[in-house]
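This report concerns only the one structure given below.
Letters A, B, C, D, E and F mark the chains in the order given here, with residues in each chain numbered from 1 onward.
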Amino acid sequence: MVKVIFVLAYLIFAPFVGALLDGVDRIISARMQRRKGPKLLQPFYDLGKLFSKERIGVNNVQLFLNMSYLVILMIAGSMLFAGADLLMVLFILSTADMFLIMAASSDSSPYSNMGSSREMLQMMAYEPLTLLVAVGFYLTTGSFLVSDIIREDISAVLWMPGLLAGFMFTTAIKFRKSPFDLSTSHHAHQEMVKGLTTEMSGTTLAIMNIAEYYEMVLLLGIFFLFFVNSTWWSWIVALLLCAVIFFLETLWDNVSARVKWKTLLYSCWVVTLVAGGVNILILMLDK
Amino acid sequence: MDKIRAFTLAGRMLKNLFRRPATTQYPFEPADYPERMRGHVRIEIGDCISCGLCMRSCPSGAIVVDRKAGTWTIDRFDCVQCGSCVTACPKKCLFMEKGYTEPDGVKKSETFVKPQEEPAGKTKKTG
Amino acid sequence: MEEKNDIREINARQFFPAIVKMRTEKWRLVQICATSVEGGCEMSYSFCRGYDMRTYRFVAYGDEEVASITQIYPCAFLQENEAKELFGVNITHIKPDYKDKLYRIEEETPFKEKE
Amino acid sequence: MGKVSKSPWLLHYDASSCNGCDIEVLDCLTPKYDIERFGIINTGDPFQADILLITGGVNSQTERVVKQLYSQMPEPKVVVAVGICACTGGVFKECYNIRGGIDTVIPVDVYVPGCAARPEAIIDGVVKALAVLDEKQAVMKTPEEKER
Amino acid sequence: MAKRSIVPFGPQHPVLPEPIHLDLVLEDETVVGAVPSIGYVHRGLETLVKKKDFKQYVYIAERICGICSCGHGLGYCMAVENVMGIDVPERAQYLRVIWVEMSRIHSHLLWLGLLADALGFESLFMESWRVREKILDMFDETTGGRIIHSVNQVGGVQKDMDSSMLKHLLETIKDIERDIKPLVDTFLKDYTVQSRLKGTGILKKDDAILLGAVGPMLRASGVEYDVRMLGYGAYKNLSMEPVTCTDGDSYGRCVVRIKELFQSFDLIREAIGKIPEGDIHVPVKGNPSGEYFLRIEQPRGEAIYYVKGNGTKFLDRFRLRTPTTSNIPPLVETLKGCQLADVPVLILTIDPCISCTER
Amino acid sequence: MIPFLIGIPAVLAVVFQIVRNEKIRGYIVYAGAGAIMAMTVVFIADWIGGGAKTWMFYPRTETIDHLMTAGDIFLMCLIVWLSVRYKRVLPMILSILQTVLVLYVEFTAEVTEGPHMMVDWLTILMCIIIAFIGGFICIYTVGYMKGYHQHHKDVKDRQPFFFSMLFLFLAAMFGLVLSQNLIWIYFFWEITSVISFLMIGYTRAEEAVGNSFCALWMNLLGGLGFAIAIVLMALGQESLQLTEVVSTGALLPLMCLSLAGLTKSAQLPFSTWLLGAMVAPTPSSALLHSATMVKAGVYLLIRISPALSGNLVGLIVSSIGGLTFIMASMMAIAQNDAKKVLAFSTISNLGLIVACSGIGVEETVWAAIFLMMFHAVSKSMLFQSVGATENTLGSRDIEDMHGLIIRVPRLAYIMGIGIAGMYLAPFGMLISKWVALKAFVDSGNVVLVLCIAYGSATTMFYWTKWLSKLLCRHIPRDTVKDVTRKDEYLSMLFHACVMLLMCLLLPLVARWLVNPIVRQLFGNSKDVLSMSVLATMAIMLVSIFVVPVAMFFISRRSHTELVPIYMNGINEGDNRFFTNSYGEKEHLYLSNWYLRFEFGRRHLRIPSIIIAAAVLVIGICLVIGGVSW
C-alpha cells in the first residue's frame, strides 16, 4: 500500500517538484550572476507555453520517441519509488536515454546528431559509476532492493562516501550542469545550438522537459538512498542533504566552464575508478 | 605561471548570492539618461528658415524640408541620431534630446509645420 | 600628421618578383587594395615589416590578367576574391577561388567604372 | 496575460547589422537589464522560439536565411526589427547590397528604432511584441474551437 | 577510413551574434577542414563615398561596426586629415585617445564575456558584461551614445569632456579594475577554463607573420607589433609597450587581451593626467585631394584606412582593411585539427568582427 | 540417434561434392537442414521422454577409435600439406606435435574405459543451437551465396565446397558437444579448426589465406593445449573422461583445457583470428561466430567451470574474459565496418561468458548460459542481416546504412531487433548481465566488477550509435533495390521470432532449460532469478514493447506540421543540402563517432594483447609451479 502511494506520489508530483527545483535553480543561478532572474514558477509557464504552441516537427517519429522516453523514465522512477531493484532501475534509465538519443538522431540534422553523439558519450562516461553505485548499495546492505536499502540501521553513505562523491560528480551530466552539459544545456548558454533538442519544438520539447524533471527527481531519489536509514529523522536529514547536493550542483554549474568531451570522458572514468573502484574494493574487503 | 585552481569563482558566486542584483527595474520604473544622450531630434520649428541644410547633411535621409509648404518632416524610424543635422543647422533650431522614440508596430514620421501666425502646430502622420 | 606613405609604382612584369622578394625578406602582407581608375584598376599591395610599411602599385588595364599571389601569401585569398568580385579585376588562380560568390551580391562589380 | 507571453523565447539573427544593435540585444540578457525576468530565454533555435529579433537590414545573402528561420518557427510568432537598419535600412539603404528593412522580406510586428537601439527600447519593443503574441495566439485558437 | 561529416556552421548561430559561416569537415568531433565564407553582413558601404560627402561619411564610417565604432570614426578622420594636411588640436588628440581606449576596454570586456559564453561559463559571461556596462554608461555620459558615439569629426572632436567627467571616468576605471580582478583570475587560472584554452589553436610566430595575423592574435604569437607605437595622435606622448605573449595558443590570446585591458586603464589614466586645455577642433576648409594609407590599432588589431580624394567633396575611394580580414586566414589554419567544441572558442580568439570585415 | 545427428550432415557434405546443379543443391540444403532440425527434435523428445536423465553411450568403441586415429593423422597430413604449400611453419609444427602427443596417449597409456558420449541438458541446449541456428544459417546461405557471387565476380565460385564445409562443420559440432571422451572431443575439435581454416580461406585472396593461417595456428595452439591435457589426464588420472577432469579438479589439465577453450573462443591474446575470419563470406562468419566454432570453446569452459570455481585457473580464465570483454568492446567503438563491429562485439561478449564461467558458481554459469543463447541468436541474426545488407547496398559500412529504415525497412527492423537483443533492457543480454554483475560482486572480484561496469558502458556506445544510424530518417542519395532472397528472410525472420520469444518467455526458458543445466553441472538446485526480479522483468518487457507502440499510436493522432530541419538557416529546403561557402549546394553528411584516436585498434590492440598474454603466461607458470591458491 505504501508502495502504491509512493509510486503515485512520484508519478504525480515528480514533474512539479522537478519544475520547482528548476525554477529555484534558475533563480539561484541568476542571483549568483547578480541578476534578478525569472519567476519561481517560470518552468511551469514555459511548459504551458510549449504545449500551447503550434505543432511543428521535422518528422513524425520524434514525438513518439520522446513520449517513449518519458514513459520509460516514469517506469524507472516508479520502480525506484516502489522499492524495486536498483540495478534494474538503472538499466531502464539507460534504456530510456536510448530513446532520447534515437529521437534526437531521427533526422539528419547536424546539430541534434552531434548532440546525440555527445549524449552517447556522456552515457558511456557515467554508466560505470552508476553501476558501481548499485553495487555499492548491494555490498553495504546485501540487497539491490530499494525497499531493503532504506531499512538499514545506518545510512549507506557511511560505507560509501567515495561513491557518493563520484555520483555527485557524474550526476552533473544528468542534471545537464556546466562542466558536463555537452549534449544540450540549460537556458541561454548553448553548446552548438541546442544539441539534442535542436529539432524539438512545442509539445515535443515539453515532453522532453517533463521527462528531465522525472529524471531529476529519480536521481535525487538515489541520492536520498545514500542518506536514509531506518530512523524517521534520517528522512528529513536526507531530504535536506539532497537539497544541499542540488545546490552544490548549481554552484558547480556556475563556477566552471564546459569541458570538452575528452576531459569529460576521462575525468568521469578516472573518478569512477578512483572514488568508485576504491570504495568498492574497501567494501568488498570489509564486508 | 601561477598554479591552476578549480572553483576559482566559487567565493564570488556565493557572495553574489547575497548581494543585491544589479538589475534595473526598467519597464516598471523609468530609466534615467545622461544629459548628453542622443535620443531624438527636436525642432524649434518657429526658428527654422527651411534652408534644407539639415536635410542635405543627414546621412540617412531622414529629414525632408519642404520650403514651399514650410514643413519639416522627420522619419523617426530612419533617424540614426547622429546629430549631423544639429551641427549643420545655421539657426541652431535643432536639438538632440534625451529619450528615444517609442517602438511601434508601424513606422511613423513626424511633420512639423512652420507656424504662419499661431504657435507651432504639430501633426502626426503615419507612413 | 603622419609620416609619408611609401608607395612604389611597378609594372606588371616586375610585380611577381617583387612579391617573392617581400616574402623572402619576411614582410607581412597587410592589405590589397583595388581602386578603379580610368580604363582599369589600380592594385596596391601593402607590406609591413616591423613598423615599416611599403606599398607596391600597378594598374591592371581592361581585362588584363593579374596573377594571384595566394601561392606566395596564402592569406591573400579573401582580399583577392573581393577585388575580383567587386572590381572585376581578372585575378587568376586564386586558391581557393570563390568564383565571384564571396559576397553573392546581385549587382555585378559595383565598384567598376561603368562606361 | 496569455500563455505565450509568460515565457517568450527569443531567436536573434543578425541580418547585416553593424553589431551595434546586436550587442545591445545581448546586453539585454546581462545583469543590468536581465530580460529573463520576463521569462525570456535567448534560444538559438528557431523551433523553440516565439520572438524573432532581427537586427540589420536585409541583403542578398541573408534574405533566404531570414525567410527560412521565420518559416521554421512555430505559430504564434512575432518579428521584432531592432535598430534603424532593421526598420528601414538606415544609413545603408543606399548601399548596393542592402534591400532595405526587414519588412521587405517578412512581416514585421514591432519596429524598435534607435541606432543603436537602447536596451530599454529593446525591452519596450519586446513588451509590445508580447501583446501581439497573445493576440496571435487568441486568433490561432479560435478557428480550432469553431471546428469542434 | 571513417566517413567525414560535412556540416554547416553558421550563419545563424547563437555562439556568436554575428553571422559567420564555415563549412566544416569533421571526423568525430575533430575538424579536418574548414572553409570560411563571408558576405552575410556585406552592405557595400565603401561605395557610399560617392553619395555622401566626406564630412557626412564619418557617420557612416562609425556605423561600419558597433564595437569598434569609435576607432572607425577616428581612423577615417585621421586619414582624411592626413590627405588634407590638417593638424588636430592637442586636446582633441588626447580626447580621441581616451575614447578609443575606452572603446578598447569595452571591446575586450565584451570579448571576455563572449569567450566565457562560448566556454559555457554563463556566470563569467554575465559578470564580464556587468562590468562592461559601466564603461558603456561612461560613454553614454561623455558622448551621448552607448554604442555609436559620433564624437569624431574631420578636424577634431565634437564634444569635450569637462573635469568632472574626467574624474568620473577615473573613478569608473578604478571600479572596473577592482571588479574584474577575480574574473581575470578565473580566466587565467581556473582549471576548466584552462582545459579549454591551453594548447588549442596554436599559431607559431612564423605562421602568424606569413598568414598576416594582426593585433592580439599576432602579439600572442610573440611578435611585437602594435600600431599605437607609431605614435599617432596623442600616443606619442604616452608611454606604452606592446603586450606580447609567446604561447601562441588561445590562452595566450586571452592573456594578451587581458593585459591590454590593464594597459588601457593605464593609458587613460596617463592621458587624463596629461590632457592640455585648448580647442577641440579646427575648422576644415576645402576638399580632400590625394591619397593616404593610414594604420591605427583597433581593439582587434591594425586596421588600414585608405582614402583617395579628387578635390571634390566626394571621395574617390575609401577602403578599409580590418583586422578581422587579416585574421581569418590564420583562423582557418588554427581550426584544422581542433575539436568541434573548440570551433566557437577559436573563432572567438581572433575576436572576429564580421561587420567590420565585410563592410 | 546420435549417429544420425552427426551422420546426416556428414553425408550431405559428401553429396554436395557430387551434385553440381545449383537448384538441386539448394533443395538438398533445405531438405538437409530440415532433416537435421527434425532429427534434433526427435532426439530431444526421445531424451526427455526417457526422463531427461544423463545418458552415457558407447563405452567400447574400438573401431571408431581407430577411425578417429586415422582421422587425426589425416588432418595432420592435410595441415602439413597445406602449410608446405603456403610455406608456413608454425601450423605444421603445432599440428605434428599435438598429433604425436595424442597418438602417444592412444597407443601407450592405460586408461580406464568409460562412456564416450553423453547427453545432458547442456548437450541438448547446444544441439538445439547447432541444429536450428546452424540449420537456418545453411538455408540462408543458399540465397546469400547467389548474391555474393553476383557481387564478387573476382572470387571463384566454389559453392559445393562451401556447402560441404558448412555441413561438415555442423557434424563436427554435434560430435563435439555429444562427446565425453577427451580423445573424441579432441578429434572433433581439430575438425572444426581445420574447417574454419578452410572456410576463412574461401576466397583464396592473399588476405584471406593469411588470415586463415592465423586462425589455424591459433586454434592449433589451443589444440596443443588440449593434447597436453589429454596426456596429463591419461598419465595423471588414468582417465580420459571430461567429467573426470571436472571431478578431480587437477589444475594443470584444467589449465590446458582452458587454454584450448580460450583460443577457440577468441579470447584476448588470440582474438586476432576471429577478426581475420571476417574476410570469409558472411554465412561462415555467422556460423563460426554465433552458433558453432566459438561456442565450442565456450561450451568447453562451461563444462569445466564447476572445477574452476575459486582456484587459480578460474581466476586466470575470468581475468582474461573480463579483460577481453572491456578491451574488445572499446575497440569495437572505432570500427565502421559492420562485420568488424560484430566481430569485436562477439569477442567481447564471449569475454563476458568466459569470465562468468571462470568464476564458476551457479549464478555465473547461469548467466553464461543465457548470454550464450542470446548471443547465438542475435549474432547469427545480425551477421545475416549485415550480409543481406551488403548484398543490397554493396557495402557493409555502417555509415552506408544511414537511413536504412527508409531504404530497406525490413532489413533495418531485423537488424534493429538483433541490436536491441544485444544490449537493450530488457532483452536477455541485460538480465544476464544483471546476474553476472551480482555474482561477480558475490565472488568478491573487484576487477571483474569494474570490467563489467566499464564494458557495458562501452558496449552501449557502439550499439547505440549503430542503432541510431539505422533508424535515422535520413533521405538517402539513391534508392536501392532489396535483393535479399526469400530464404534469407525466412532465416532472419526465424531468428527474430526466436529472439522475441526468448525475451517474452525468459522465465520459462530459465526454469525449463537453464536451471536444469545448472543443476546438472553443480548437482544442486538454487533459483538464480528471484521472483521479484522476474516481476521487474515483466514490467520492463511491457515497457519496452508496449510503450513505444502505444506512444506511436498516440502521437499519430496529433497533427504535426513538417518543416525543414535546422541548418543555421541555410538549409536548401530538402534537408539534404546546404549552401556552402562558395555559394553552392553542398551535400550534408553526418558520420558517427568512431573515436579512432582514443579507442582505435592501433592503440589498444598491442597493449591488450601484451597484458592478456602476460596474465596467461604468468598464470600458466604459477599453475605449473603448483602454487596452491
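Rule of thumb we're sticking to: a residue touches a chain if its C-beta (ideal position, glycine included) is under 8 Å from a C-beta of that chain, and two chains touch if they have at least 3 such contacts.
Small disclaimer: the values here were computed from a predicted structure and weren't measured.
Student: Give the chains in contact with both chain D and chain F, ordered by label.
Tutor: Joint contacts, listed by label: A, C, E.
Student: Relative to chain F, which chain has the most distant C-alpha mean position?
Tutor: Relative to chain F, the chain whose C-alpha centre sits farthest away is B.
Student: Consider the two chain pairs D-E and A-F; indicate the one with the greater count of contacting C-beta pairs.
Tutor: Ranking A-F and D-E by C-beta contacts puts A-F first.
Student: Which chain has its Cα centroid closest to the overall Cα centroid?
Tutor: Given all protein C-alpha atoms shown, the central chain works out to be A.
Student: Any idea how many Å lie between the Cα centroids of chain B and chain E?
Tutor: From the centre of chain B to the centre of chain E is 26 Å.
Student: Nearest whole angstrom, what separates the Cα centre of chain B from the Cα centre of chain C?
Tutor: That gives a centre separation of 42 Å.
Student: Counting in whole Å, what is the centre-to-centre distance of chain C and chain F, each centre being its mean C-alpha position?
Tutor: About 67 Å separates the centre of chain C from that of chain F.
Student: I need the residues of chain D touching at least two other chains; which ones are they?
Tutor: Chain D, residues with two or more chain partners: 13, 30-32, 34, 37, 42-47, 59, 61, 65, 69, 72, 74, 90-91, 94, 96-97, 115, 118.
Student: Got the chain A residues that touch at least 2 other chains?
Tutor: Residue numbers touching two or more other chains: 30, 32-37, 54-56, 110, 117, 187-188, 190, 193, 198-199, 254-256, 262.
Student: Any chance you could list the residues of chain F touching two or more other chains?
Tutor: 561, 563-564, 566-570, 579, 581-583, 588, 590, 593
Student: Let me make sure I understand the interfaces: which chain pairs count as touching?
Tutor: A-B, A-D, A-E, A-F, B-D, B-E, C-D, C-E, C-F, D-E, D-F, E-F
Student: Would you pull the chain A residues touching chain D in the complex into a rising list?
Tutor: 26, 30, 33-39, 42, 45-46, 48-49, 52-56, 187-188, 190, 193-194, 197-202, 205
Student: Going by the contact rule set out above, which residues of chain C touch chain D in the complex?
Tutor: 103-107, 110
Student: Give every residue of chain A touching chain B within the complex, in rising order.
Tutor: Against chain B, chain A makes touches at 28, 30-37, 251-252, 254-256.
Student: What part of chain F is in contact with chain A in the complex they form?
Tutor: It comes out as residues 402-403, 424-426, 430, 434, 437-438, 441, 444, 446, 449-450, 452-454, 456-458, 460-461, 464-465, 467-469, 471-475, 532-533, 536, 539-540, 543-544, 547-548, 550-552, 554-556, 558-568, 575-576, 588, 590, 592-593, 598.
Student: Which residues of chain E touch chain D once you look at their complex with the stated criterion?
Tutor: Chain E reaches chain D through residues 11-15, 17-19, 39-45, 47-48, 51, 59-60, 63-67, 69, 110, 113, 125-127, 129-130, 133, 136, 145-148, 353-356.
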